[in-house]
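Structure first, commentary second.
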Amino acid sequence: MTKGVKIVTIGGGSSYTPELMEGFIRRYDELPIREIWLVDIEAGKEKLEIVGEMAQRMWDASPYDVKVRLTIDRREALKDADFVTTQFRVGQLNARVKDERIPLSYGMIGQETNGAGGIFKALRTIPVILSIVEDMKELCPDAWLVNFANPSGMVTDAIIRYGKWEKVIGLCNVPVMAMMEEPKLIGKTTDELVYSFAGINHFHWHRVQDLEGNDVTSQIIDKLYEEENGTPANIFDVAYFKEQLKQMNLIPCGYHRYYYRYDEMLNHMLEEYNDPNIGTRAQQVKQTEAELFELYKDPNLHDKPEQLTKRGGAYYSDAACETIASIYANKNTQIVVSTKNNGAVPDLAPDDVVEVSAYIGAAGARPIAFGSFEPAEKGWLQLMKSMELCVEKAAVTGDYGVLLQAFIINPLIPSGETAKRVLDELLLAHKEYLPQFAEKIEELETAEVIIKDEIARNLN
Amino acid sequence: MTKGVKIVTIGGGSSYTPELMEGFIRRYDELPIREIWLVDIEAGKEKLEIVGEMAQRMWDASPYDVKVRLTIDRREALKDADFVTTQFRVGQLNARVKDERIPLSYGMIGQETNGAGGIFKALRTIPVILSIVEDMKELCPDAWLVNFANPSGMVTDAIIRYGKWEKVIGLCNVPVMAMMEEPKLIGKTTDELVYSFAGINHFHWHRVQDLEGNDVTSQIIDKLYEEENGTPANIFDVAYFKEQLKQMNLIPCGYHRYYYRYDEMLNHMLEEYNDPNIGTRAQQVKQTEAELFELYKDPNLHDKPEQLTKRGGAYYSDAACETIASIYANKNTQIVVSTKNNGAVPDLAPDDVVEVSAYIGAAGARPIAFGSFEPAEKGWLQLMKSMELCVEKAAVTGDYGVLLQAFIINPLIPSGETAKRVLDELLLAHKEYLPQFAEKIEELETAEVIIKDEIARNLN
Amino acid sequence: MTKGVKIVTIGGGSSYTPELMEGFIRRYDELPIREIWLVDIEAGKEKLEIVGEMAQRMWDASPYDVKVRLTIDRREALKDADFVTTQFRVGQLNARVKDERIPLSYGMIGQETNGAGGIFKALRTIPVILSIVEDMKELCPDAWLVNFANPSGMVTDAIIRYGKWEKVIGLCNVPVMAMMEEPKLIGKTTDELVYSFAGINHFHWHRVQDLEGNDVTSQIIDKLYEEENGTPANIFDVAYFKEQLKQMNLIPCGYHRYYYRYDEMLNHMLEEYNDPNIGTRAQQVKQTEAELFELYKDPNLHDKPEQLTKRGGAYYSDAACETIASIYANKNTQIVVSTKNNGAVPDLAPDDVVEVSAYIGAAGARPIAFGSFEPAEKGWLQLMKSMELCVEKAAVTGDYGVLLQAFIINPLIPSGETAKRVLDELLLAHKEYLPQFAEKIEELETAEVIIKDEIARNLN
Amino acid sequence: MTKGVKIVTIGGGSSYTPELMEGFIRRYDELPIREIWLVDIEAGKEKLEIVGEMAQRMWDASPYDVKVRLTIDRREALKDADFVTTQFRVGQLNARVKDERIPLSYGMIGQETNGAGGIFKALRTIPVILSIVEDMKELCPDAWLVNFANPSGMVTDAIIRYGKWEKVIGLCNVPVMAMMEEPKLIGKTTDELVYSFAGINHFHWHRVQDLEGNDVTSQIIDKLYEEENGTPANIFDVAYFKEQLKQMNLIPCGYHRYYYRYDEMLNHMLEEYNDPNIGTRAQQVKQTEAELFELYKDPNLHDKPEQLTKRGGAYYSDAACETIASIYANKNTQIVVSTKNNGAVPDLAPDDVVEVSAYIGAAGARPIAFGSFEPAEKGWLQLMKSMELCVEKAAVTGDYGVLLQAFIINPLIPSGETAKRVLDELLLAHKEYLPQFAEKIEELETAEVIIKDEIARNLN
């Protein structure tokens, strides 16, 4: 890295890219970048060019001489990379719309990370990330992979488990937001508290201590029931049961709402789904994205626009930039990341990927050992990790049975004939991105007429 | 035991007692009983007398001189007992009716073992069984406790974990039935197959080998989809997904239907619930029981009547008699029981109670080590054990928060406001049997008017 | 197996073979053997013929028509075998003499199972057994492998771990002898007690209960200090510390003497080593064997001679015959065997081979879950298993570093320069049987002159 | 802590105290101390006064106004303490002389931390530390306990396990020294490397990475065999086997010499023991200490004297001061400490105390998850932890059997009659500090005449 750092961003045409640029510009002193390669696929070429030009304008407006390169040749970009970030979306937002709407059309949560939709996102993403890893082994074997392609936990786990690539860190913005909002509730700043997170992506809990070492988790929980709290923009804000939180003396992440308040979350999603003026989250994002790209086209714009913050993934890119800078400069910053467990969460296997508070430095993520959970949290966590393992196996092998097992075990999917139908419809809908299931999909297509009949019969 | 074995049956007034007697009579040669004490409570005195006289008639018609004693003084009965069996039902069938109907009135499965109903059955039963254990420590410290009070797994676990009583074996008839029916599917007898069960009560799987040591599980699964299979009388017979069973290469127990085919089971239960001519399982059982007691009154009846077999718990008592005889005569019979894990199911803690194939002899149950499960089964099992642990803790401490956690984690209870309402209503409905929750129930009663209003508002 | 069972015994020229025949003859009714193939290597041809003729005479004197076939073509013999037993000794007794004498020449225990000698026995045996397994996969893929080649634990573990062959059971006569001798101490028969063994080969403990389910381990321990106890013929009889046994409330196997009474065992072995009239165990056995073969030559002998019992491995073959008969006839006999843990010993990994009480039947060995050990036993066991794993890895890879680790961790080998010298000398001494270490041995040979100088310098 | 920090040092009369003062003076800006209480016992009063006056002189020569208070009233001192450090030595150096010399008189290593001597040090120290913890619960329940009384690992483990006191950190200077010396070997500074330690006190390993994230452990190992390496002053410098280190790809701590090079260490210790001009380590330290106290008496000395560095525990106090400052100022410094595992070392139980790299801040020590070890290291570690657990239990209960188990399992003590004799002699020698063993000691005294006879007989 003597001549400066080479960064490669796969899925570079994303609307997040300007946020990433802003993060890099802000950290240039500790992370002297030489060049940034934005990679996308043929179908995303137009967006790549819009956002690429915007990115170059941002650097040009900065004091630093950094070249932004745009390409659809992934291998060209990866050659000798120092850091590779992945933020691509197989099938783009249209696929996510299907992930959400098909389950909802059967009255089922189709959420993009842990629900039926998330499962399919994993099925589409894991084979692609594994092929990227194969390229990296050849073209940049010493590079770090910083993943924020969702579902970030399963994707990171598959990279290590099936890709046998250890230099990877998975990121998520959910913990960042909690650590920014919660301290205010008890009149503190983030620096005045010690946060300990443990669990898996979108399914973790944290406890908080003050600078005297006292546990203040309970105090924060009390305040959560007095004041407004900071849930991520993409999670509907229904309160947890206070008795539950006091019993666990831990604060769940926003995504626990789907599990702890299933009914309300489902109803809310169905409402949005049924309201043509709102639509599912993916549809809302699609609208926002379209607006963002309009803004990016403005040749005079060289700052990240305000609207991006509302996008839902705020701080995502910031976490990525900070992670990269921490590795590069051995900063030992404390960040919550997806990384190999190594025992940090003793209720899961040492080889599982977990999401935990970790110190990030030259050696990558060094997870802080959290200790065992009490039964309820432990049971949830072990169930969810099992679900993830089934999904990963299905993604790699194309085994329909194990995919069905993932659907049945997933607490957001009421098991039964309808669940199986949703699964089959999603397979058909995402056909072009699921080559590993080609045989099963063909079989389903052959039976389609019959299925459609049955659906009709059952739904009437 | 030189003068013959003393057996004490708590809940002796149960309609099952004649089956128990039949089992003991059949095994008298290897289990020389001196006297049998049937114990019940004041409220069950009438039934106790009917069934007690029937029991004595059965012995009198046998070649053996055994005295059946009836009492409502538990401590008198327990003195110097060799074996204590527990088959009592706190709150009797009426309580079970509430366990089932209250959840169903909110569209929720109120099943008596793993569902909301089962949770409340555990809350009522565990404190009573722990007080029996305290009496046993004093009055018959060397006796074996053979439990078939449901939910048998949680009750047995609580006896060891909280009662610190190790000489206990928990029983269930579900595995017996599987082993009687399945072999026929592949043209074999039970003796021609080797069965390995593992899991927890009403949540276990098994694999089967033939006498050449070949796994024939897959072969049985195939046959299950060709022919009629033997589900317990109290489980509605909806088929599992064949792809799922083939993937796991294990056969689930009948109760897995609630988890693997949630929708269909719920719909079926709601249908029965809504049909005044059918009613829930408890209501059906109540009807059967009334008929049975009419039969028992007949002074000329001294044989177990045919109708008892349809009762749903067939072979329950037979398993109990065989267990007792196996301990007494060190028979090393293979029986599936609830017992301390000791590693047999490595995915759970060595101290957890599990339900596994075991050899029963003088040393009690010696569980056969089954080995680790694959992810899906492992995740389910760990979740369910966590749920059990929350329920047991709630039963012992009266902690509302941990009870709420049990409800939320239970896959048969969709979480949210309605779940909490069902929980509160069940607390109120079972008030007299839940002294450990007295304070919370009082608080709920105070708020009752408001609650009722809310319920009305929400349901309309 | 319609036409009767085919048994193949590798190392058929062993002096044990007649005991094996006796066991089969006694069990013919439940184990209808068609033919027995005795396999040996070219160098063992003469012994094979002597013992083979003796074996045939034994069958001819029985009421059964069984053909004993002799061959040095292993593959011919394995074709369609039902059971394969392995009792061969790579390098024969001469190799064992070296295993014992080289360590002792440096003042170190050179014992044939857990000590330096046992490590080298494993290095020689494991590659051969793995090649047998490869043949079996091809020629008799449904056969059971019953191993009593020592060190039986490591060999069995390697068969499963590296050979990926699950149908194997490892045997040892040590538990048999304990169960035959101990009951007498408290005036009982074996049938009147329940034995639970757990640990690894030559390193297990057991507890004992009577038919009332009471633990009588402590009672037996007390008696051990009053009367003579039954240690195997090949273990010098020094008493354990009573305080230690009372603390653990378990009875160790005879081989624990090497670990619990290191000093005394070492001194005893050195005494025998230095006494030209006694010699090490291998030398004693060699003498006994020579005598046995003289007897076997007698064309009129068709019974197992008395002298065989003194051989040291008494009951070994009986255990093997009983195991085979139990599998064949699904007898569910309780035998202590080396088999895959599956959780039976929760302090070791589910995939480790352990030696435990098990029920043997058509499905092979079904280990009884023993539960966790207390710290001292747990620590010993985990250490010894780690030692085994290092040895197995060395045997398979020829990695000198991991072999050195095994030596250093082995509690019978005081670590340091001398230990390393013993290791190197053993490598040189067994050169022809350790092709996996060819490179290292060559290196050592080159340096031999220097080494010899150093040895001379150090020993003076 | 508004008025400044109150520090209490138990064993304040130690020769280390000036180093501690120096460390506090250097850190005054981040750790504003109000007062320091040096506590000792009646017998140590003279030393306390000498070192206490020296300590006050050091502060008086600094720019800070800190009062050093001397007392033999522990409870007076503990009142409202913020930090308590423990560096006392029950029985002082004379006891350590016995710890070392008695075993050596029987040809056995009597080392003060893991050997027979260390076991007895633990037996003397644990009851005292537990009584301190009881005082703290009453007098300063929010204080942190920073222990460097040896054996630091067992003492810290006992504080949490038996004292139920979680706010404790155990320290040791061994890792500090490795991190100061090793980097030089490869031309780096400590800041240019990432160190990961895991294991237990005086029995840990570490791996090292550079700032590119590459593992450089192997490179350091190579250099260790080329150049001088930095072993602690109190460990004789015999090299490890290079093949072993390369195989593990970890660097052991200096104390592993006792286990990996037993022979050489024993010989070296026997040489020193037998040389009247050298003596055991304790005797050497005693000499050094006497010289130090002479220096401390000089009323003009107000700086830590040079000679203290040679004392053997260099950097010990510095680690303590840095730990306290890191907690107080939430510095998140990386220090290797003894702390509750919480999964950081998955091969041990989550509740065991381990010694690992940790980040120290307001929440105490947050251990970095290290992951599983390979078999050899894993086995050693599990064995040693088991040994520790036996010792702790013996210290708390006075159970002779479990103490004997600790001796037998300890790899530095060849088991047998002699080991038991050493144990008994040590019990007698330390009689006044081992009230928990009063009964056993009395029994031994009664038998003493007989014992002496036996010893004579056996040694001749």
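Brief remarks follow.
A, B, C and D label the chains in the order they appear, each numbered from 1.
The rule is simple: contacts are C-beta pairs under 8 Å (C-beta built on N, C-alpha and C of every residue); 3 or more make two chains touch, one makes a residue touch a chain.
Small disclaimer: the values here were computed from a predicted structure and weren't measured.
Common neighbours of chain C and chain D, by the contact definition above: there are none. Common neighbours of chain B and chain C, by the contact definition above: there are none. Chain centre most remote from that of chain B: D (centre = mean of CA atoms).
In this assembly, the C-alpha centroid of chain A lies 55 Å from the C-alpha centroid of chain C. Between chain A and chain D the centroid-to-centroid distance comes to 46 Å (mean Cα coordinates, whole Å).
Chain contacts: chain D has no residue touching two or more partner chains. Every pair of chains that touch is listed here: A-B, A-D, B-C, C-D. For chain C in complex with chain B, the residues that touch the partner chain are 142, 144, 167, 194, 196, 209-214, 327, 330, 332, 334, 340-346, 350, 357, 359, 361-364, 366-372. Taken together, the chain D residues at the contact with chain C in this complex read 241, 243-244, 246-248, 259-265, 375-376, 378-380, 382-387, 389-390, 393, 399-402, 404-406, 408-409, 411, 414-420.
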